[in-house]
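Here come two complexes built around subunit A, the first alongside subunit B, the second alongside subunit C.
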Partner chain A sequence: MKIKNKGKWQESFYNIADNEKWLAYLILVPVVILIFFMAYFPAIQSFRFSLMYYNTRLPARAHFVGLNNYIKILKNPLFFEALKRTAYFVLIAVGTILCIALVFSLVLNENFKGRPILRALVMLAWAIPPVVNGFMWKWLLNGDFGFLNGILYQFGLISSYKPWLKDPFAALNWATLTFVWRFTPFVTILLLGALQSIPLELYDSAKVDGAGARSCLWYITLPLLRPMLTIALIIVMIFAFTVFDEIYTLTGLDPATKTLMMYDYELSFEKGRFGLGSALAYIIGIFMFLITYFYIKSIYKEVKH
Partner chain B sequence: MNKKGKVALKLKALVGILLIGAISFCLSSAFSMAKEKIIYMTTPWGVPSKNLLGEFEKQTGIKVEVTTIGDEKALRDKVMTATAGGIAPADVIFVGITNIGVFSSSKSILELDKVVSADLLDKLIGVNLFRIEDHLYGVPIYQQLVMIDYDSSVLEKMGASVPTTWDEFTQLCREIKQRGIKKYPITFGARAWSWYLIALSMGDPLFDKELNPTFNQPGSGGLRAMRLLRDFFKEGLISPERITSVNPHPSFWAGKAVFHQAWQGSLAISNDPKKSKVAPNAKYLLLPDKHFTWSLPAALSISAFSDKKDEAYKFINWFTQSRVQKYLYGAYGMFPANKAAFAELGKAGKIEGFDVMAEQAKFIHPIPYQAPWYTEFESEANDTIKRMVRDEISPEQAVNHLANYVYELKKEYE
Partner chain C sequence: MIKGKRILLYLCIIIILGWSFIPLYWLILSSIIPQVDLYSIPPHWIPTRITLENFKSILITGKGFRGGIGTTATELIKKGLINSLIVAGTTTLIMAVTAPLVGYVFARLNFPGKNLFFFYIIGMIAVPSWPVLIGLFSEFSKLGLLDTLGGLIILSVAYRMPFDTWFMKGYLDSVPTELEDAARIDGCTLLGAMFKVILPLSLPGLMAVVIISFLFSWNMFMAPLILTYTLKSKPITVTISEFVGQYYAEWNLMSAGALVAIIPPILVALLFQKYIIKGIVGGAIK
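Take a look at the complex of A and B:
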């Protein structure tokens, strides 16, 4: 009755609000605006830059160049060097993380004293921010004062302090390890969750049929973990592909660890080439799109399954 | 409650939340506007003490929020990104000489000719270093020659004299290493600055007047310097750690090296027992051979996008006062740009190694930081030197690559 006494505009407003679909849209408006300005607007702007000669040192000379920036990037040997490094980083990181996380999750799934404490400890590395993680490893690996050198020297395992990051290949491997260190707990928790959802009856019946621990792992655990392993694989791939903080804090813009993201940072910010940098960002974006496509496809496949 | 009533309640709750948000935003804005506030973006060695900033606030009613950025490169990235977006990263920006060309060409900072008084400029040393094409872009806050410090106690123990040529320098370092006095006698980073230091002191200006490279000519100081730097790493006279951790200072202050790429004023730190194990034995070395070095001063500038230019100028004016300048020297070893403060420190006997410094000041060759492409070149030089000391390329390939890079850049920027 009260509503009927209001003006016409209020009446129609309440009618809109009465419709749950419209109410949902109304409530979503602020978030959509925020996302547009935080994500889509910069993406559109950087796509525009990718089609321009845009050197921040010479802003007055910015002009449209079509796909020239993309062609320049794809013709540049530095791009392929960075791509190779990235591929290596992703492969090693993903493989190592999945293997270690699988072992950890299998151990943490067992009942033993102190399991909750161990689970909390495993999560600790994931709770450390990437930049802090990078600095921590930088200190650990320092050739003059580093903790790793200190420990190995004290135990007589090395005769003198080693410059762990001197060799380019070693530097890339250490950078990979910093990422593995941070990401393994996350995947462990994912797999642990999946392990706990496997019905125990399956193992009981297998045991009745005479299956040992290895057969249980091979014929029950791993097949049922496969969907989660696929999801974990794709998530880790995405993050490994775009890793920046750890490498930047560990080795800076060292050519030895210049992955695609580092190369993009160098082009855009060190050298002020926003046009080229944006084009490279879109090339990286295409790679990411492909990975995400398979990720989403695998999720849907799993839902159907 | 019927359905309409529930919906009305939800809407009222939503409007209520929005109203509370809007009111608190207005209140916080009003509160922050009650006091004028400016943002000062700087590297760690440009930060005045809290007490000094408090005094400035009392004097002027302007609160200064200091944003500290790890180094000049990171600061440049932030300023350039903000410029691309047409916003001010801060009202007052610390501008090391390495960034002056980039910031001025990108119009990130204001031309200060009409803002800064002639009286203020008369009080300062090094004003012309921050002029590009007759426009002033920064007010100097400190002066700084690149120098070498050494641990005199080691040379005394060995009975060695101070090296005057790079050959003597190298021989002495080899002896220090062979005798097991220090594992790594030199601390220079695998970066362009170490190369400039050696090449300039060998007498190679690196660039001619038209900014064409001179460092790639046969027998040039640039090429010899590249070879020497490579050899320092190869022979283990420099720690391989300096390839990734290029900052040479901590290692010297930890007493792990004898010679150290330093700066004019660095003895204030090197001889402070609280900060350095070398204290009180650090001394300046007149650079070997032809003695030339370059200058790395810094200035304060106003962001071109700042809407608090008057307040920013008040801060800059205050920053160049004697008290603040002397604080910077005491805290970070930055030599005052203020002539009076410099004289006061001299009278008080607080300037160590004045004789060598005065002699070194006679041999300055500028690095063309005012060229807008220069930071790109320096970034490439840093990469190239890393690859060279890792033996991925030869010194000859390194200088030739850098020379070609200069020509490419010049062509693009013409």
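Take a look at the complex of A and C:
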């Protein structure tokens, strides 16, 4: 009724502002275009590269080669070594992060003085730029003057300073720790949120029935935490699989820590092999897609519960 | 039993404190004590002499580039800081406006193709970074967006979109509809109800979006590493990684530089941790 008194352009504005369909499209179209040019289009473009011989240093020689790049990558033993490293990295990171974060969140869920301060401190690691985190650990583990050497020497556990990142397997483990340190707070907060949504009455009635702290943890807390643990597990997998920043500063392109991500960086941007790099990128993408698929599926399953 | 539990709890608290703070303490310590104290074996764990020389030489006096290209440390850090502030600040502003709108569309409106649009936006999470970055590099070079702040801003806005949409939708789903129904009956348009009723109610959720967007774009590294190549647009994360390369033996200088880069995100995290916790927890469940 009111609308009739307004001018014509105002009326049409009101029509859009009040029509669910047009309002939705008006808001969504720019977003759709933006995402197309920032994600889907470049992804298609790089798929095209993956079917070409394309070296950015010899752009004139670019030509179509079909699936050759994929075959080349899959036949290369370097790929399998990188895959093994990545799998190890993800496995260790997921296990360690979930265990540590579970303990941290259970502690932070208790009542004690200074809990807000501790919670704030725990969160700090998450806010640090990953690339700086990598540098920080490089310095902590430094062989000449680093923290780890200093503290072990101080307590008489080593008699001379050691280069911790020199052994390839050790370097991979340290790289994993670097990621674990940054990512634990995120999972801690996720789990803490889930813990705090468990109704206290459950524990009260369990206590009335004579349940101890341990059986409370085992029969109430952990089962109710399961949905969030699943979600956390998959989030950690995705992020662990794609770690780049930390390794870039910690060990650079050292073969010891060359995960699939580092290998792809080397191929595409250090060597300019866009064709091979894109093919490898798509192989990584298939892994990522599978993980994400399970993520979205599991979220939907949990939401239904 | 109760006492034993208490002791265990405090033991855990000490371990958590150590785990979270010792690495940072080492970084702070290295930047404020003289190099002699730091490089003694073992180092001085507790600062006896405090010096701000490292910060001064990074932020004010500067030192030449070891490689001889002529960029001083001061330039690297200062330019990087400014670029990061511009990119992260603009991204945050844009997300503050768009995230509630897009979230609102999915939480409240019904229109044909809703699920399709939603999966189009959320599906972006599943598009892995390397294929995109390789494609973006050639796209950006054709569009003249390589090595520009604008390019970085567009990119980080696009990459916040799925998460922020997801989160705002979830948050708005939890806001009861009675109030807006009442507003609608009083003659408010859909958009009017959104701005007058829903937006104020979802302010805590919006804060979470804004803060996490800021941290995301401040901490971004892989994309700028590839898409920028001069100080005109390199953010602090990239300049720090170069800085680390050129002062390879001067750990105290590098620590000071690293601290400068982590102070803004850490301040934001400390000041707004309440919202961040909401954002992380809400984003994952909803």
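Heads up, the rule we're going with is that the second predicted complex is superposed on the first by the 287 of 305 C-alpha atoms of A that agree within 3 Å, B and C clash if a C-alpha of one lies under 4 Å from a C-alpha of the other, contacts with A are read in each partner's own complex, and residues count from 1 in each chain.
The rule is short, and it goes like this: a residue touches a chain if its C-beta (ideal position, glycine included) is under 8 Å from a C-beta of that chain, and two chains touch if they have at least 3 such contacts.
Remember, it's a predicted structure, so these values are computed and weren't measured experimentally.
Q: Using the superposition on chain A described above, determine whether A:L23 touches subunit B (first), subunit C (second), both, or neither.
A: Both partners, subunit B and subunit C.
Q: Considering only touches as defined above, state whether A:W126 meets subunit B (first), subunit C (second), both or neither.
A: Only subunit C is touched by A:W126; subunit B is not.
Q: More residues of subunit A in touch with subunit C or with subunit B?
A: Touching more of subunit A: C.
Q: Could you look at A:N142 and tell me whether it touches subunit B, subunit C, both or neither (first, second, both, neither)?
A: The answer is both, since A:N142 touches subunit B and subunit C.
Q: Tell me the contact category for A:F274 with respect to subunit B and subunit C: first, second, both or neither.
A: In the superposition, A:F274 touches subunit B and subunit C alike.
Q: By the touch definition above, which subunit A residues appear in both interfaces, subunit B in one complex and subunit C in the other?
A: After superposing on chain A, subunit A residues 14, 17-18, 23, 27, 138, 142, 145, 269, 274 contact both subunit B and subunit C.
Q: Where on subunit C does subunit A make contact in their complex?
A: Going through subunit C, the ones touching subunit A are 5, 9-10, 12-13, 16-17, 19-24, 26-27, 30, 38-39, 41-43, 45, 98, 101-102, 104-105, 109-112, 114, 117, 120-122, 124-136, 138-139, 154-155, 157-159, 161, 187, 189-192, 215, 218-219, 221-222, 225-226, 236-237, 240-241, 244, 251, 254-255, 258, 261-262, 265-266, 268-270, 273, 276-277, 280-281, 284-285.
Q: Taking the complex as given, what residues does subunit A use to touch subunit B?
A: 3, 14, 17-18, 23, 27, 55-59, 138, 142-145, 160, 163, 165-168, 171, 251-256, 266, 269-272, 274
Q: Considering only the defined contacts, which subunit A positions touch subunit C in the complex?
A: Touch list, subunit A to subunit C: 2, 14, 17-21, 23-25, 27-28, 31-32, 34-35, 37-47, 49-50, 100, 103-104, 107-108, 110, 112, 118-132, 135-140, 142, 145, 147, 150-151, 153-154, 161, 181, 184-186, 189-190, 192-194, 213, 228, 231-232, 235, 242, 244-245, 248-249, 261, 264-265, 268-269, 274, 277-278, 280-282, 284-285, 288-289, 292-293, 296, 302.
Q: Which bits of subunit B are touching subunit A when the two form their complex?
A: Touching subunit A from subunit B are residues 3-4, 7-8, 10-11, 14, 73, 76-77, 80-81, 83-84, 102, 105-107, 183, 239-241, 243-246, 251, 254, 256, 372-373, 375-376, 379, 382-383, 386-387, 390, 392, 412-413.
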